[in-house]
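Below, each structure is written out as structure tokens.
In what comes next, chain A is part of two complexes: it sits with chain B in the first one and with chain C in the second one.
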Partner chain A sequence: MSEIKRRDLLKIGAGAALAAGAGAAAIPLVRRLADSAPPAIDIKKLVAGKLDYTRAKAVPTICFGCTTHCGVIGWVQDGRVRKIEGNPLDPNTQGNICSKAQGMISYTYYPERLMHPIKRVGKRGEGKWKRISWDEALSEIADRMRPLREGGVPEEFVFHYGRDKTKGYTKRFTNAFGTPHRLNRRSICSSNRRAPLMSFYGREFEWETQDFENTKYIVNFGGNPMEAYQGGLYMMHRIQKARVDGGAKMVTFEIRPSATASVSEDYFPIMPGTDGAVAFAMIHVILREGLQDEEFWNRWSNLPLEKLRESVKDYTPGWAEEQSGVPAADIERIAVEFAQAAPACCTMSNRGSAKHYNGVQADRAIRTLDVLVGNVGKPGGFCLSSLRGWAGRYGQEGLPKLSQPGPKPPNPKPWGIGEGYDEEAFKKLPDFVQERVNNFPEKWKKKYFGELATPSEYPLAWHWYQMRVGQLVYPYIKEGRQKVSVYMSFTLGASYGYPEANVAREVLQDESLIPFHVAIDIGYGEQAALADIVLPEATSLERWDHHSTNNYGLVPYTGVRQPLVEPAGETKSVQAILQDLAKRIGGGMEEYFAFESEEAFYKEWYKNLPVSWEDFKRRGIWYDEGREKDYELYERPLTDAELEGTAVEGDLVMKGGKAVGIMMDGKAVRGFPTPNRVINVYDEIWPEAAKAVGLPADDVNASPIAVYDTVPEHRDLGEDDYIFSTFKWNVHTQGRSGHWKYHAEIVHTNPVFMHPETGETLGVQEGDSVRVSVYRPKGHTYRGGEDGIMGSFENHVRFLSGMHPKVVACSHHVGHWEHGAVGASKNEATGPAEGTGPGAGNADPQAAPEKIWWSKGRGGIGGGVAINDALPINPCPLTGGQNWYDNVCKIEKL
Partner chain B sequence: MPEPQRSPVPWENVGPQFKKPFKQAAILVDLQRCTGCHSCSVSCKTEHEVPLGDFRMRVRYLERPAPQQAQLSFVPMLCMHCQDAPCMKACPTSAIGRLDDGRVVVEEDKCCGNKACVAACPYGAIFINDDTGKAEKCDLCTHRTEVGLDPACVSSCPTEALRFHDLADESDEVTAMARRQNAAAWKGDEGTAPSVLYIDHEKWMEDKVNLGVQISERDGDPIYEQDNFDRKKR
Partner chain C sequence: MPDAEASLYALLGRFFAAEIDRDLFETLQVPDIRETFEKIEPGCTACFDEEAAAAEFCRLFVLPKGTPAVAGAWLKGTGSPNSTAIVGLVLNLRSALDLDLPDHLPPDHAGVLLPLMAWLLDHQPDAAADFREQALAPWVAPFAAALQEKAELPLYRVVAKILPALIPPVGTS
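Let's look at the complex of A and B:
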């Protein structure tokens, strides 16, 4: 954190070869010597066996290497996908990709990939399987499911996914079946950052779209777009261009030297859970210095500036330094630099700031900074752009409508008492749950669908939409809050990757709790290992999907994932599997799945695009090149068509009981898609939710205005206590990349990273083994306040001077015991041999067990440790977001 | 040569008519832009189906010296396509040659696998492929550049930290950028006149061991040391 800037240092001692300075142009760059007259080389021979790009077929599609979903081109030669490149027509990526794109080739051709359905023959989890036909598999599943639907208990079918980008197709299935149980893992990922955004800006903007291309100053609270952030690739190339070509500056608060921290002009190792303190102090400084954009604030925020000033008066830079360790002088400087760069400045935050007990409030403080300096929606600022689907929602005006072909099944009824409610399902809930829900306000009663989909302790997990609380699914099933008869997991790795993954495994192992488990996945992972039937899915290179997301170029675009090759072996796309299953279950369910082919279904979906289906498939991407960028959407006047049938009430423009605009200077403008059409810096939803679930009013999460409080378990940290943190590498994606050979080769183990001084305090050297033991949380959360150690793991130590000295960190991603030889880092076969078969002839011999040089069997370091059994389930009050980064641990040298 | 007709769909512009007429093919590595994402090296391995444990290209993670020790630098490493190439001189069977555009290539059918080139290379850029028994290294993706595509690493870099250019053409804007920004050779004092140059090169980087990522030698070196790039040294 020295004042010497990296750029200045670089000037010193550079230019050794080119003879820096004036007149350098006179020195020739090329000085090829006598060897330059070689005998002619036969280029044909040189390129023999390589991919022949003149012969190979190029197919544009959408990457599924992670959740970012970049437009890519796959090159297919002799029926095999050989290479992935970027699609230059994608306005979001501008043709860029990252290493994970090539991972799609690894997961399509890895030797242990499942090629046909298998059924267990031993005890569940024992690893004994037999090959069965699709007919046998789907008949058995349909026979298990049909009675639930016909018997009026469709909710006993639970569909739980890890990664579903079918944009509504699986919901079509669960709705047609009649169950509200389409569960996900949003709480594991991002609900704590989405909730504050939706509170501020409305349901349509659960994700922001900063105008990085034009920004001059970025303050990044724990986001890591250079490695892992959803949308990271879209951001990475723009940030690097803005920095290097545009002179933009990036400040990063992190706990370890991530790639993002490392390319930042300023990097501050920060005490975990204190990002909010720095943001509050920045607000304090900006107000003290009078650098706020008062006009914007008064026009668009719902809080009088004096109230904000009052709320941050004690949040001085000196106080923030005590909390965070970030020097007060730097906080002062950054606050001023940030405000002076406005409106071409923006904040950025992600799990680093948000996945804490106080993370929702930290993010609300960070979001307040942007409103305060008036950069919202401005060039180079904190912009908002259409996120998903093209259904004529806010920000999608004038776009052709795209929607999943009909007929669409209705949503299930909410659970409760009264007309239009599912009373039977409701009455089976525990009494205390029924009582709580009965006391909910009407708006929540209409959104309540039982404890798995909409856990009543966490109303803000489903107030805006169903983000759910995935990590509580297994404990709740264990507690008996929901009876499950058929459990279907889809691309889910809960038994490896959820906090207290051992609980997930224990429940999945228990046939009284989960009588029947079907896993749909492309490979045999830890989840499939606990199934009764495993259905092998086609990979992203073999199937269709709709794609639309926010474009950091600020113009909405859409793309299509299309198959490059036929599904390998007997694998089938999830669409085909669910279609077939719906037909077998019958009872009217099949009517929703009556389309001819998958391609016909997707062609219909895109029928309103102003380009032909063939041309769309040829380019893979479409957007309106003439469309104005999404700057200041809120200032746009309502059009005559939009004004039709509206009435002005107060300053709101109302239509059908809903505000659709706001009067500003006598003009009807769009405003923000919130109930009051302005930015809700102040929001009563937080205390309202707290009251409904009995969270004390003085809890940090209960405040209508952003406030700071220390993370409960960090209040009395002992000298021997450390914060345990996890992180993601750029070559991996959650728990789904362990078996990608070229990625696992780069990162296959997860040492305990710590600062050298921490090592000295603990008396450990690099390479020494340590045991990390994690305590249970202390706040108002699941099993909060229970004493004792939650779990432990052991691995060797690595030093990094960029670590925060009070933090130790291990990466996620590794320590698999399934997912083939590469995934398990073993030089021997793993997984059921019965699973591979026809199509496995396509398998990549380079990923064979004997090639795994890092396996312990070959004298290597092995595949790391699975850490998630030791990490407590710790949902944040109200939102349910998993507080991954609050854990306190002790460390013992072994 | 007349400009070939181009399709508005970029990937349809593939063929010998699109080949770039370079006199000295080169890559400019811009360390200001590299984020260490490994896209280049994984793209390279996929393109050439490089066996596990070997690398034509890779990305080093280096801890910076004080006072910047809290941050890492990321350095893509590949064959430098030296204009005075020690590997060429060392090869007893003349299996290492140079194409018209100056790039250094291995002619596998002439290679006897005696590793003289591996030992001679100051950059550790050459390895023996166990499956073929032949020396292998970066050839700037000849099969791609012959049909007008940039080398795989360049094409896959998301931040323009790698650029393919003609070092002999002073009007090439990338070459001009190399000049302007005082791009430097890696281990310039080896005197091999590399065609690959680095913007923001710093001398300390050459002596630092790798850090953070786990590409180790085939024997699974526990301190995550280098692969073939450092074999000579070790």
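Let's look at the complex of A and C:
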């Protein structure tokens, strides 16, 4: 039929009217809820217009554009969030925000956002689905899970998350179910930097809080707060204030000229994996020049200064130059400048220094620098401030206690032999694992929960708390170390973003290994594509969360994420999903989820705040404005209440078998929250863990005091060997932002960056295509020492002066094949909602389908390349942190 | 009995609000509907596979890479209206008229807009014309074109052909 005429339309309409008149259920009609006559309507007057601040409602909440979590204010008008601004009451951000905050609007109103539960109808991964109701979805999931719990094998339920900021709500669910398998991706991210901090300062301080605002000198080893650091936004304005207003200097060691390098007074392109060498040489110089704060060192460190001097005697600036490429004269100068600025000086480090085979020891050396010059806890120095929770931990004294409402389910039993242990689960483990765990000291036996949660080869991944080794979950399942019956992924993108992501996909595809996979996420990404049921989650603009983190203003604060709008479509918050699921599983689980509403749950959580719930919601943030800053917490005397029931044993103030303070100058003070209440520059935990897992005593990771050794695979680099590294851009957040239209417009591809001289050596020009082929690592790690190319990818070259000439680097946010039109950079499909990006308050629509102008279909450069299949799983010995930046590669021009 | 044009909008809206099920398929067997549908796409009302229809609905309207039935995916260029304006309009209408609109879909979804248009035609025809101009005409044509291209189930191709005939693009009616 070539043309549909009006009479055709009316004929269909007449038929439909007939059917509707006969009450056909298939044609539901809109009805009025009121009985009164409807008012006359003028459509033009009801069309929503530009953002009108006199009409719009401002609602404070906490951003979830990345992992920093800034206080923001959303402007809501006509049922939509129209604009995001910073919340000036947030003491961390001081009202600043970055572009990623607007990403929340992008992902909330992305037209290809998943709005309904769906169930697979084809083969897994085939892409065939049908919509199902929540009732159907949750009933089926509950029916799959209930027998595991009732049958005494709750551990066969595995909950694996990527972004969980519910502050323990999901743990409530897994604990109530009885499984220890609440897995995460900490090892992918930051465990190598957290472990040294906890070794030095105790469990409560896995993240430092430098007093940037008052500092005079910053030495930055591979941190990039101007673009990507967790907490970067809290830091960047303080760093700039210190530099611009206070004349502070920042020195950055990096492999590429990052945004942070660009605002540093000194930038040194450094050979990857040699940050520790520079730090050691700085220690050497400070000691040689007598610039150390001997009083602080002797008072608070657990290592005699002479032993430190002995340990660094060979780490000269000349030696460090050979290792790192950083000129010896500069190392000398920086060491002296740093020490002379003390105590108003601080180090900074992150993945750049830590994500290497020797990264833990590099960070221990960096941490030693701060102790050596006595800047710890001092104004302008390397401070430690209260982190999460507010449960009365160290540094939270005097704060109102905040905790999840009860009743709280008990933790699962540890796995092992004997009373109080889960013997059945333990006995299913491979014999070699059982033997290893049986030989563990008691302190670790009590913390062991199987190979997925607490891999026995990596005891320092769970010695302080469960950081886990997420990148080994899929290989371990494949090896049969843990039977999985129900696997639930939550905001996880492992099948795109984990190293050897192809292994994740292979395991997720295999129904004999993962019989049932439920994915909870706000979008349909690569992980959801391999599920059996996908549950659509509400976004951060539509749900509640507790928020507390360290404050670079050094006064603890808390905030609340609250819904600005109702969840779109049929989406639900993860809290609502798990609450409903718990009730359906029953068997007592429901007792832990018996609250009447999500708001009631969070209101109860914050009940001890000295402000009303309504006022707290109105402000979004609370802190005690009169509270003293967190300087020198360790010198504060124990209060009379804290001293009650204590006894002094040696130097330590003991209570209930645990040290709670230390005697200094005849007074009981808090000290640090370590077992011996001092800073553990020397820590036997490293050789103890090495011995327990058979790591040779001469491995760099086995030393009780920080030492340096070259990354094993970097020892014999050939002329044509290069180090492949990755990095993050300021407008993206891991693999979760590739479909944010306005951010993808700014960064949508990931060329292979290299120094022009490197290009000349390789005979490539800018824009040429190259193949990057990566080898496996050579140290004591997963498949370490295996020969041959592990994986390859192809991409085009961009030259960047300022790169280290031995390094090539790509960002890793792009190259998606799911996540819809923008994520996959396909112009052929649909675009995102217009008018939802930055400036959307005044609705400047610019995102119609043809506006994905970078798609190859429109002659653009395309959407980049997924590189993670080519990056080997490479856990650091003992801690399990992924050594992302050690990859040796070859480059071929195509 | 509802107005014929209003009923047509309501019928079309039903295709986007939920899967084609046995009830809807039987409704399509009403002679006037079946004959016209068959004229547009021969064989389209002949047989029905509920599972296949559910998968097709999901592929087209629920998953990415399909043809999302929301205004925000298809509006072009700059200026007004945009999806924010359409969402606001629908919510304002719901509030002003106290209407019971489907709450499992976004406000700018065809499964909401088309039944709302049907109600306006039945009750406030003058407003209906403005509503069509503001909320439907700016985006239905490109949406329908994409749907016609991507739909494998003939019934969706029929709907894709009817939509632009019923709702011409702005400036062409």
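By definition in this document, the second predicted complex is superposed on the first by the 825 of 894 C-alpha atoms of A that agree within 3 Å, B and C clash if a C-alpha of one lies under 4 Å from a C-alpha of the other, contacts with A are read in each partner's own complex, and residues count from 1 in each chain.
Going forward, contacts are C-beta pairs under 8 Å (C-beta built on N, C-alpha and C of every residue); 3 or more make two chains touch, one makes a residue touch a chain.
None of these values were measured; they are calculated from a predicted model.
In the superposed model, A:Gly802 makes contact with chain B only, not with chain C.
In the superposed pair of complexes, A:Glu570 makes contact with chain C only, with no contact to chain B. Contact with neither chain B nor chain C is seen for A:Ala391 once the two complexes are overlaid on the shared chain.
When the two structures are aligned on the shared chain, A:Leu46 is found in touch with chain B and with chain C. In the overlay built on the shared chain, the residue A:Glu85 is in contact with chain B alone; chain C does not reach it. Touch criterion met: A:Val731 reaches chain B, while chain C stays clear of it.
In the superposition on chain A, contact is made by A:Gln102 with chain B only, not with chain C. When the shared chain is aligned, chain B and chain C each come close enough to touch A:Arg31. Of the two partner chains placed by superposition, A:Ile789 touches none, neither chain B nor chain C. Residues common to the contacts of chain A with chain B and with chain C across the two structures: 1, 4, 9-10, 13-18, 20, 24-25, 29-33, 38-39, 41-43, 46-47, 82, 846. Interface of chain A with chain C (complex): residues 1, 3-5, 8-21, 24-34, 38-44, 46-49, 77-80, 82, 109, 111-112, 114-116, 118, 121-122, 127-131, 523-524, 568-570, 818-821, 823-824, 826, 829-836, 840, 843-846, 848-850. Residue ranges of chain C in contact with chain A, taken from their complex: 1-8, 10-11, 14, 17-19, 21, 23-24, 26-27, 30-37, 39-41, 51, 54-55, 57-59, 62-68, 70, 72-89, 91-93, 96-102, 104-107, 115-116, 118-120, 123-124, 127, 130-131, 134, 142, 146, 161-162, 165-166. The residues of chain A lying in touch with chain B in their complex are 1-2, 4, 6, 9-10, 13-18, 20, 24-25, 29-33, 35-36, 38-39, 41-43, 45-47, 50-54, 58, 60, 73, 82-89, 93, 95-99, 101-103, 105, 226-227, 233, 236-237, 240-241, 243-244, 257, 259-264, 267, 269, 618-619, 730-731, 741-743, 745-749, 766-767, 796, 798, 800-802, 846-847, 851-854, 858-861.
By the touch rule above, chain B contacts chain A in their complex via residues 9-12, 14-15, 23-24, 30, 32-33, 35-39, 41-43, 45-49, 51-53, 63, 67-74, 83-85, 88-89, 94, 97-99, 102, 105, 107, 109, 139, 142-144, 146-147, 149, 152, 155-161, 167-168, 170, 175, 178-179, 182-185, 188-189, 193-195, 197, 200-203, 211-216, 218-220, 222-223.
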